[in-house]
Amino acid sequence: MDQQILNAIFIGSIYALFAVGYTLVFGVLDILNLAHSAVFMLGAAITYSLVVNRGQSFWIACILGIAASAVMGLVIEHVCLRPLRRRKAPPIAALISTIGLALIIVAAVEQGQPGTFFSWLWVDGANSVAFPAGTIPNPTWHVGDLTLEASKVAIIPISIILMLVLGYVIRYTQVGRGLRAVAENPRAARLMGLDVDRMISLTLVISSALGGLAGILFGVALGDISPYIGRDNVEVRGLAVIVLGGMGSIPGAVVGGYLLGMIEVLALVVLGSNARGGVAFAALFLMLVLRPQGLFGAQLRERI
Amino acid sequence: MKRLHLVTWLAAAVFVAACGSTGGGSSNTSSYAGKTIKLGAILSITGAGGVYGPQSRDGANLAVKQINSSGGVNGAQIALTINDDASDKAQSAQVAQKLIQEEQDLALLGPTLSNSAVAVHPLAETLKTPILAVSTTGINIVPNCNAPSTVPCKYVFRDSLGEETAIPDNIKSYAADSHPSTGVLLVAQDDKFSSDGGTIVQNTVGQYNIQLLKTIKFNKAEADLSPYVTQAVQLKPDVIFITSLGGIPAKIMTEARKQGWTGQFLGGNGFNTATVSKQAADAGKGARSASAWYLGNNFASNADFVTAYRAEYNKDPDQFAAQGYAAIKILADAAKRANLTFSDLAGDRDKQRAAMESVNIQTPLGPFQFTSAHDVKQTVWVIAMDGVGGFTLVHQINPS
Amino acid sequence: MDFFIQLFTDPVAFWNSHTLLIAQIGINSILASSMFVVLYSGQLSLAAPGFMAIGAYTSLLMDLHWHTPLALNIAAGLLVAGVVGVFVGLPVLRLRGVFLAIATIGFIEALRLGVILNLPITGEGLGLKNPNADPLGGINLVLGSLLVVLFLMWRLTKGRLGSAWAAIRQDELAALSQGINVAQYKMIAFVLSALLAGFAGGLEAHLNFFVDPGDQQYGVTRAVQILTFAVLGGSGNFLGPVVGALVVTSLPWVFQQAQAYINVVTGLFLIAVIVFRPQGIVGRGGLAIVKPWWWPRRNVSAPAPR
């Protein structure tokens, strides 16, 4: 049973890191960025391609992967979001345009095979691949009944530090104040002289970088990288997490991530392995119906 | 003068009659000259089945190349298209629709996965197009492709040895060697191949006094298998049965070894390719499965096949390549005897089907004939992963 | 372009060699209509695949276990979907915009992964096989149903329901203040959408040899696809989503060489449409590409409520 708790913590960290990016965008923009799961996948895919197809060292590839994810954040802002803001379109429109971008990103990787248009990005098509053994040092320790794998253990401090840093930035720095101002009231923020567009770009960049990093950690620790890891593993679970934790709340996303990890493993052990998949969504549905603001969210105002 | 005239006429008549009879006879070598035999293969080149599909493709393409360059089938060239279904059932069905209706292929090969066959085979049967499965080994592929209906499917065939034979042979062989007493089964409950394999394991272990402590089910799309492996390992079984395919077996084996388990892995057809052996690497060393083919087998046409394959692709063939290769040979042989008209597609497809039932040729899998259920009965090779991307032979089990 | 050449020069042969495609277009059009109803009333519900699943499983299970006639099975599927629609709609319709979308995603995934995968009767992960499937004969049923559905859509949008929905979509609070029972009309739209989706699900189960709870069949991927029909075609009038369904479904058959990049193209279209022409292909204003000559020039999006 103890090992299962560890399993829950590891996967919970990834859920949490992913959800933080999700909730950040929602908090500042009131928009659900459904391209986030595609960026998660892209971070892992690019890092893998750099290591395996271009012979880069893992650490360099990692940095480049995160950078690419951050750039993708800018793409999301400029292609999907800004044109809609200019036309004062409702948030639903942004939902749809980010869905479109997610389709493109996933399809680009899916079609990446030797000799095709996207082969510079990825050559394994729809296959599921893993970093070759020995890409990074990954010793395994046995403590009593528990098995501790370095790559999985590392996720915990990385995630927690990042989330603490983000929290600090938002609360105590000027940039953070700017973001909060935009979240509160973009119009007033602009009137006060804030460059709202730049704040929004920054939000997307941070969010996407975190998403890409979560993807890399996922790929390393779980040994699974494919065009579908975003869609199958975190896209809908991410929604469950931010609903559980409260949409727009970063601490909520963190707590929600670990909570979901725990609930899933609990369901697995108690109800049988079949139940694991459905638990997240049952929780999501119930939470939305009973307490839409989640655990940490403020009372919901009317939002169209 | 008149007599010579008569003789000449008689000779001419005999000559014409002789020509006429050989023109309609069965052993002429060029009556399909100038025609094309269209075949379509539905394979999983990408996706979970993408570890098997490319080998089937390579084997099939090699056979097509060999046949086309040595006169074709009665003079006709084979045009084989390879169509990827991305290991997805619905996409597989869509591809099948296109190949049957739009492309108007004479016959089809595939699909790679038993899971996809559920959608594709009944469709081919309804649309009366012969289809030869090259790697599906699940239950009710043939003859009852429409199970639970017991009406046999006339147009569906397979050259891939079923799990119903392979898994029990594998378990029996290991039980005889090592007498394990407990096991845990890990099965992907939303994949037909894995699920069928699981059912067969459950039905077989009792016969060899192996107690199945638990059956752990998971969904094939889940990336995080550690909680399931933990459950299995915590029970400390002698054997872990893995009936999955694609990247899953290697993942389970790697994770189980990491968690300190040292028992024996027993698997199904999903193990039988170099990619999986390589992915599993050291963790998979010694993992056993039953295969329909072995690199070093002594059947008549195997050595030539292996040599030709190595020359063409710079790597060794595997079971899937052998089955793909054999499939083309089977289809070509049937086409040769089927008296195709090339102008009546429905009629030709039916003739092809009938001719396939009486195929009797040498293949790298051994001497090949379909059973009355359009299935396969052949030698079984129990193999073990060698930890470096290959396999060693453990036992050879001849058909009873 | 062989596709179009055959379509225009030899329609009979085209029909015969594309029956499966045409049937799929028909089903997708009905699904698109289901989407139309909720979008027209201003609700972004992504619940269609869930109701499809209910319709499909119900009708197939009835056939497999009780051998009842097809019409009864499909009717039952549709009704069960509608009833579930009421129960899902009650708690969910209080939510707005993005939250409604998320709740409906939660519903379809909870149904797919939580319920269907755990009920032995549904065949769990492997789904069910349908030995009585009729992919060739089913096309007449599908196209006939589609005509009925389209007629229904037409009447609805011209009538009081349509006006109310349009008002609600425009501005919910304003509609409420004008005396429109917003909650009731939204529920009607939601349940009607569930009925249509359940119907389409039952039809699809009849045409295929399998139903299974895969993501492409009844998951988020399917929901996005159906949304795409409605967005590309435009949800301002009832023909829009149908046109969207037609275009998106036939794309892989028309552009055979580029089949691999279909999703890239679809994604690009989606972004382009939403950013530049949110009313879709069949939309009022601007260059409406597809507008039949008999199209009544009525302004359907700013009605005077009664």
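For reference, chains read A, B and C in written order, and residue numbers begin at 1 within each chain.
As a working rule, contacts are C-beta pairs under 8 Å (C-beta built on N, C-alpha and C of every residue); 3 or more make two chains touch, one makes a residue touch a chain.
Keep in mind that this is a model prediction, so the values were computed, not measured.
Engineer: Examine which chains touch each other and state the graph shape they make (line, ring, star, complete, other).
Structural biologist: Per interface graph, the chains form a complete graph.
Engineer: For the chain pair with the highest number of C-beta contact pairs, give its two chain identifiers.
Structural biologist: Going pair by pair, the biggest contact count turns up for A-C.
Engineer: Based only on mean CA positions, could you tell me how far chain B sits from chain C in angstrom?
Structural biologist: 38
Engineer: State, to the nearest whole Å, the distance from the C-alpha centre of chain A to the C-alpha centre of chain C.
Structural biologist: So the centre of chain A lies 30 Å away from the centre of chain C.
Engineer: If I count partner chains per residue in chain A, which residues reach a count of at least 2?
Structural biologist: In chain A, the residues touching two or more other chains are 110, 232, 274, 277.
Engineer: When you check chain B against every other chain, which residues touch at least two of them?
Structural biologist: 189, 217, 219, 221
Engineer: Hey, what residues on chain C touch two or more of the other chains?
Structural biologist: Within chain C, the residues that touch at least two other chains are 113, 117, 124, 215.
Engineer: Name, in rising order, each residue of chain A that touches chain B in their complex.
Structural biologist: 3-4, 7-8, 10-11, 110, 113, 124-130, 133, 140, 142, 147, 149, 218, 222-224, 228-229, 232-233, 265, 268-269, 272-274, 276-277
Engineer: Over in the complex, which chain B residues touch chain C? Could you list them?
Structural biologist: So the residues of chain B touching chain C come out as 88-91, 93-94, 97-98, 101-102, 104, 118-119, 122-123, 126-127, 146-149, 188-192, 195, 217, 219, 221.
Engineer: Under the definition above, what is the set of chain C residues touching chain B in their complex?
Structural biologist: Residue list for chain C touching chain B: 16-21, 113, 117, 124-126, 129, 131, 133, 135-136, 208-210, 212-217, 252-253.
Engineer: Which residues of chain C touch chain A in the complex?
Structural biologist: Checking each residue of chain C against chain A gives 44, 91-92, 95-99, 101-103, 105-107, 109-110, 112-115, 117-118, 124, 172, 215, 220-221, 224, 227, 231, 260-264, 266-271, 274-275, 278.
Engineer: Given the complex with chain C, which residues does chain A contribute to the contact?
Structural biologist: Of all residues in chain A, those touching chain C are 30-32, 79-80, 83-84, 87, 89-93, 95-97, 99-104, 106-108, 110-111, 116-117, 231-232, 235-236, 239-240, 243, 274-275, 277-282, 284-285, 288-289, 292, 300, 302-304.
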